[in-house]
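Both of the next two complexes hold subunit A, though its partner changes from subunit B to subunit C.
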Partner chain A sequence: MNMPRLLPVLCCAVYFFLLAPILVVVLASFNAGAFLTFPPQGLSLRWYRTFFHNAVFLRAFIESMEIAVAATSISAVIGTMAALFSMRTTPALANIVRLGMTLPLVLPEVLTAIGLLFFFYAMGIGVHYSVALLVGHVLLTLPFIYINVSTSLRSFDPSWELAARSLGASPFVTFYRVTMPLMKSGLTSGCLFGFIVSFDAFSTSFLLKDVGTATLPIQLFDYLRLNFTPEAAAVSTFSIIVTFLIVIMTKTIFGIRFTK
Partner chain B sequence: MRKYLLIVPAVVVLLVFLVIPYIDIIFISLHPAADDRPYGSGFTLRNYVQVLTDGYLVHQTAMTLWIGLVTTCATLVLGFPVAWFMAHSSARARAIQQGIVLMPLLVGIVVRSYGWTVILGNNGILNRLARDIGLTRSVLPLMYNSLGIVIALTHVFLPFMILPIFGTIRSLDPALFLAGRSLGASPAITMRRVILPLTMPGIQSGCVLVFILSVSAYVTPMLIGGMRVKTMPMTVVNTLIDAFQWPFGAAQALVLSAIGALIVLVFFRLTPLRWSR
Partner chain C sequence: MTTVAIENLTRHFGRTRALDDISLSIDDGHFVSFLGPSGCGKSTTLRVLAGFDACDRGRILFDGQDVAALPPEQRDIGMVFQSYALFPHMTVGQNVAFGLEMRRLPRDAIRQRVRAVLDLVHLADHSDRHPRQLSGGQQQRVALARALVIEPRILLLDEPLANLDAILREEMRVFIRELQQRIGITTIYVTHDQAEAMAMSDMIVVMFGGRVAQVAPPRDLYECPGSLQVASFVGQANYLAGHVAHDNGQLAVVTPLGTRPLDGRSAITAPAPARNILIRPESICITPPAASDAVPATVISVQYGGNLTNYVLALADGQQLHVQTATPPSHAGGDRVGVRLADAPLWVIPDCRP
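Let's look at the complex of A and B:
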């Protein structure tokens, strides 16, 4: 049995492969030199200072946050309603709903974005007012909300709601005191996944963004095509830190656990 | 009947913003081009003929699909052992490994591709290392070619291969492997005749996900290939946004998707037959 002896070595190599580019970016962001060299020529936070004084990147960051929050909120309502419907209907219909709700995840992102681009031009709106961008991000986040909420409601029995109602609770109280606590963890992790997917999305934003605006990944991409300073690494590291802070915050506030 | 109100918003969103736009793509691809509008009137198949007969586009489509296939194979070869190892680790070690596999997904695709340009570039870490230890005097061509694109895509999509396979291996009875062994089968035979068929659902969903994602990838080939290697998604975006040729771009995108879907179908038809005995 030679295989099991080699297996841990191979796995460690793969884990290194997975983490290496991320580590490289983080380390490069503390480079004191004007060019991306490795190992860094001295440590410095100068590229973070440059970044925090760069209005273009900051505006892109705020744009990304706004879109991610707005899209995730809209998806949270629509996705949760669909998940609640799946619990109350026949298995056959629930299956169709599941297929439909995961469709945006299976279809190529570029193709969906192209479709939306055509569609909004035909509507006469085009990419103005970020409507197309928002709709694109809702489609990106919707499957994650639906999958997570319906997973957490898998053991849910609709008769519990009936019991609450027959005991005199109003529909609102029933939802708030019975249904909501059961799906809270699924909704939280769904929103978290949705937010991250939207925050990092590229193709959808690239095709649907309004003229003159940009999300952070787009701005970074544009910058990288012409520049090679470590400022890009500082921007990248900043977006990594933001994502991790959001994950940790969600985890401590809502106490969710990532089981799968 | 009030419960049906719950599904109305989802149906409206999916119908209006997904189904209709996809029909619209097909519709537009069947129209001739126009100078003053996105597309002209009257139906034509010329866009498709043009995509399928243009030698440059055919070559590029083949290149894109090839990169997708190689990436899928690479993620499978690297991902399966990792998923196997993860599933057979202690609870604590497994949690750490799951964290490592999930972490890249929290980092944006632009950032990760950028990381690879720093590693693979002509003046990047690997090339400097090779020069410093005297391995080579010339520049190793790691970037601006399909090799670099495959390396970066393998990294970007590896978690999508590991996680579904890990899921199916976890649901297997650990005694199965021992049973195969105790009945006299070698580890290789046990793996091929017992474990592989049982983990096939995970392998299938991993392969399909990685293949679709890497064939339609835009950012990574763009940053790593540096315009010197062109894949179809880049050409489609160019045709649509820069050249403003909507019907032609739509036809390009649909031809690529159709061939991709066909390959996925063939893959689904071949795999269970091959492994079920």
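Let's look at the complex of A and C:
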């Protein structure tokens, strides 16, 4: 076979299988009919209207956003500190930190979630006040922040910080003016990954959520067990759009370039 | 401007003594090099002076003020790193302005001083470039400008030429030395390259194993080393067994290659038996084998070096001699020749028996 000519075909096929389901969901959300079918029976925005008037879905959406923002923020601080520590300490200690920080990525999500569930009940806290849920999501997002920040620090020259100090900058100003700007791209993409992973998480949220609350993926799952209307597709499309908006916003605000 | 005094500086890393009771004083406006092999403590000394590393014991005095407890940002130093350490996310102008911004100077004053110092290092039209767009030599000069623009009390340079190629290194040597003399700033320079230290310094501090072996101006260091270790580190050296004796009422050094007066800088005041005599390769002359006062020798190898020729010769007793002449090679391996000492006083290495 002629490989160079086969390659673009293969690429297109891969993209098709990856993106076609998403396209189907988006198209199905504009369905005018009463059932989630494809191709859609007529075009309408009625299921979006239903969604925006559905308090349960809206609450779940806000809950998801809150958890994702809170978890990513906490992870950003812990992950960045850990990445800076790994850079400055001995290689042996750095390896131990790296292992600890990336462990949540290696262990099955369900196992981590069950472990946390037992732990929080043993502590007498249980799943109240979303503490367990938040801790679970922090664990989920931590590896992404740690890995991304570590990567952007790989080419970091410790002399940069010393130079800043010798020029009269305090440790805080050195961090703010030199260290931070040089790891910004890693931190931003790490937060982005973390946010999306948290927004999307199912097992962790399912096991650790407080009674009566639900994140968007769980609400969607609950809904689809009993209903089969295009409203589910509308909710999905809406969260795709929100995710996209967040990526674009971060890109413009922090001006990160995805190529170096 | 500024004098520097180091008193009993000691620093341990675990159980090894990186700095072992270093004491030293540096005159205002002097260019002092710390010279030694890697791991001798010269870089540690610089880091302790800059405040990047603490010392376990000792005092560091800038103009009599003890700065040992101050963090680096309060020591008022200018530092140039081996990797230059230019901030990659800032332009050349922003890099140079950084130290002035930390000192909260008005914006106009900053702009003026940045322009002036970039003029000084011939990079005035590179102000808006990023460091990665500059050559190694240009980055070096930006690093120098960034350290000098804050008008620090002392300038610290940590092997700044190590990453440059040979020709540029020679150029920068002259440039840095000239700039330093023009500004008159007290400068401490760390290097493992003895030629670099000799070419630039007013004073050289030779260090071995965390201790100061000798402090001397370049010429004294080369001609009158205090120990075998120093003599061998600073240039090539031959050692002949000899002794000091009276000769016509003066002290003279008697060696297998002949007798010459004792160097006036020597502390030896009486005849002394069995000493190591330092003979630099350029103070041995090659003569025809039958010359009157020559000692016979055999050429072992010849190395042509353009302006200089290096020979390895063997005396009758098997001792090898390194000889350097300023003439093109006139002998080949296996030739029989004669050697005699140049007519100059000889240095006896103190407290060192063959």
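Definition applied: the second predicted complex is superposed on the first by the 248 of 260 C-alpha atoms of A that agree within 3 Å, B and C clash if a C-alpha of one lies under 4 Å from a C-alpha of the other, contacts with A are read in each partner's own complex, and residues count from 1 in each chain.
Note that contacts are C-beta pairs under 8 Å (C-beta built on N, C-alpha and C of every residue); 3 or more make two chains touch, one makes a residue touch a chain.
Keep in mind it's a predicted model, so treat the numbers as computed, not measured.
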Putting subunit B and subunit C on the same copy of subunit A, do they fit or clash?
fit
Tell me which partner A:Phe206 touches in the superposition: subunit B (first), subunit C (second), both or neither.
first
Contacts for A:Thr90 in the overlay, against subunit B (first) and subunit C (second): which applies, first, second, both or neither?
neither
Take the Cα centre of subunit A as the vertex and report the angle out to the centres of subunit B and subunit C, nearest 10 degrees.
100
Does subunit B (first) or subunit C (second) touch A:Thr252, or do both, or does neither?
neither
Tell me which partner touches more residues of subunit A in the superposed arrangement, subunit B or subunit C.
B
A:Val173 contacts which: subunit B (first), subunit C (second), both, neither?
second
Looking at A:Asp157 after the superposition, I want to know if it touches subunit B, subunit C, both of them or none. Which is it: first, second, both, neither?
second
Subunit B to subunit C: minimum CA distance in the overlay, Å?
12
Based on the A-chain superposition described above, do subunit B and subunit C contact any of the same residues on subunit A, and if so which?
none
Given the complex with subunit A, which residues does subunit B contribute to the contact?
3-4, 6-7, 9-11, 13-14, 17-18, 20-22, 24-25, 28, 38, 78, 81-82, 84-86, 97-98, 100-112, 114-119, 124-125, 128, 155, 158-159, 167, 187, 212, 215-216, 218-219, 222-223, 233, 236-237, 240-241, 246, 249-250, 253, 257, 260
Please output the residues of subunit A touching subunit C within their complex, sorted ascending.
157, 159-160, 162-171, 173, 177-178, 181-182
What residues on subunit A touch subunit B, complex-wise?
1, 3, 7-8, 10-11, 14-15, 17-22, 24-25, 28, 36, 38, 77-79, 81-82, 84-85, 88-89, 97, 100-101, 103-104, 106-112, 114-119, 121-122, 135, 138-139, 142, 146, 196, 199-200, 202-203, 206-207, 216-217, 220-221, 224-225, 232-233, 236, 239-240, 243-244, 247, 258, 260
Would you pull the subunit C residues touching subunit A in the complex into a rising list?
50-52, 71-73, 75-79, 81-83, 85-89, 98-99, 102-103, 146-147, 150, 156
